[in-house]
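Each of the next two complexes has subunit A plus one other chain: subunit B in the first, subunit C in the second.
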Partner chain A sequence: MKQLIKLFWKRLSSPSRAAAGLLLGLGFTGGILFWGAFNTGMEATNTEAFCSACHAPIVAEVRETIHYSNRSGVRAICSDCHVPHPWTDKIVRKVQASKELVAYAMGTINTTEKFRQRRGYLANREWQRMKENDSQECRNCHNFDYMDFSEQGQRSVVQHSTALASGEKTCVDCHKGISHKLPDMHGVEGW
Partner chain B sequence: MSTLESIFWHIIGYAAMPAIFVFGFIAVAAGALWILSLGPDRDA
Partner chain C sequence: MRKLITILLLTGVIALAHGQDNGDQAGDPEAGGSSNGGQASLRGLTQLDVTKKADAFKRIPKDRSPYVSDYVYQPPLIPHRIRGYEISTNANKCLSCHSFKNARDAGATKISVTHYGTREGQVLSDVSPRRYFCLQCHVTQSDTAVLVENDFKRVDSLR
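Then we have the complex of A and B:
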């Protein structure tokens, strides 16, 4: 291995007889191919099919909700709400999700019964994550500044114009279970 | 998520970014060198 690294370094540090344009072209093309493959691979982990491999019951539930099926033709899939959109936040979340591969290998939620038992724990973790990032994924589409209070119900106007506007509360504090059935809410603040 | 867990994942997550770039560079360099070795540049 050491020999291989030495050889690799010698080739890197030796002047090439190839034209500078060819070397630049190789680097440019290689860079595009690498970046394309990396992002394609990462996007593959953002698909519903990928999420369904472990979370099939939840993915099925989403199909009945306004976020999936609606009059306007806008659709939010799992990754739209559970994976941050900015690249750096996304990488941190993906690296963190590597822990979930261990859970997959151990079969932590590989049966409906196991999933049902763990559902409250999983939901609480996700609510806590969204509370800590000020419901970042909700705000990718729902912008407080663009809200038309005249189109909202009285209760919504009161909550949005006070608790949400002041930052005292964030979206997920009230909007739990909007795309999934709620787990046992015993002990959850405000429920 | 506990504060300790959050710090752990953020350190690993941010460390992954330069690692991706470095390994990408190594992979592209290795590929480019292999392509060059197929031509008259093999003895360089």
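Then we have the complex of A and C:
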């Protein structure tokens, strides 16, 4: 046994006899394969089907809203709003999601009643996240710089040209429940 | 024997065809056998046993100035689109602008103080449950042909 470990260690510590080019090549292709697989896996966890596996009732709610069905047929899927698009932010969010896997294992919201009870907490967390990053996920599609106030309704112009333009408010401050049903709104600012 | 069968078959076919004719007549308004008695209703001349194709949705103006009342105590009409506005036990989107608390900031019309009273006239601290469902009285408008002609005129004081 000792002999075997010694042999193994020697193998590791002595330089390989394979050519440096071959080793680099192996590392290179290995790297590409790993990176590709990693990103493919990441994309797989960003699809609507993946989200629906656990969040089916909430995914169904979206169908009645403008972000699912509308005149021009452009639509947003879960990850467009709930997962940041820049790579580093995305990784941070995905790591945070590992905590949600624990909640899944514990069955924190595995019945409709439990989900209703917790809905306020969950919604608040998402609003807070959007507030902190200045509604980045809204702005991935809705760019303030290209808003044409002459095309907007009077009510929209009033809010967008003042509170939003000055940065005093961010999208999610007013646009809550645009893709889901709302939780109990008692005590929520502006309601 | 063969002749008899042929005759029987023929009469059968004729009887069947005749029966079908009658059936067609029953559903044909011009033949006088219509199930709606030739009466046009809001559904048009549609037969009772036929489901009329639904009309297209009416376009509701996105946003405009408040409508002027047509009669005293008329619930004000909604001068904007309300698609997707939630009114449920959890949230009332209308009140997020029109409540006493939010109307000033939102620049919206404040709901009247009558919404805070019970049926017996007792004043409550918040909107009365019987006045919570805004769309029971307040409705959006769209520019369409009137379904039933009428010559309603505003009273003098509102003209």
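Everything that follows uses one rule, which is that the second predicted complex is superposed on the first by the 177 of 191 C-alpha atoms of A that agree within 3 Å, B and C clash if a C-alpha of one lies under 4 Å from a C-alpha of the other, contacts with A are read in each partner's own complex, and residues count from 1 in each chain.
Just so we're on the same page, a residue touches a chain if its C-beta (ideal position, glycine included) is under 8 Å from a C-beta of that chain, and two chains touch if they have at least 3 such contacts.
Predicted model, so just to flag it, every value in this text is computed and none were measured.
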{"item": "Which of subunit B and subunit C A:185 touches, first, second, both or neither", "value": "second"}
{"item": "Touching partner for A:91 - first (subunit B), second (subunit C), both, neither", "value": "first"}
{"item": "More subunit A residues in contact - subunit B or subunit C", "value": "B"}
{"item": "Touched partner set for A:162, first subunit B, second subunit C, both or neither", "value": "neither"}
{"item": "Which of subunit B and subunit C A:177 touches, first, second, both or neither", "value": "second"}
{"item": "Touched partner set for A:66, first subunit B, second subunit C, both or neither", "value": "second"}
{"item": "Touching both subunit B and subunit C, residues of subunit A", "value": "none"}
{"item": "Contact set on subunit B toward subunit A in their complex", "value": "1, 6, 9-10, 12-14, 16-17, 20, 24, 27-33, 35-36, 39-41, 44"}
{"item": "Touching residues (chain side subunit A, partner subunit B) in the complex", "value": "8, 11-12, 14-18, 23, 26-27, 30-31, 33-35, 38, 88, 91-96, 125, 128-129, 132"}
{"item": "Of all residues in subunit C, those that touch subunit A in their complex", "value": "62-64, 80-81, 83-84, 86, 88-93, 95-96, 102, 107"}
{"item": "Partner subunit C, residues of subunit A touching it in the complex", "value": "64-66, 153-156, 158, 177-178, 181-185, 190-191"}
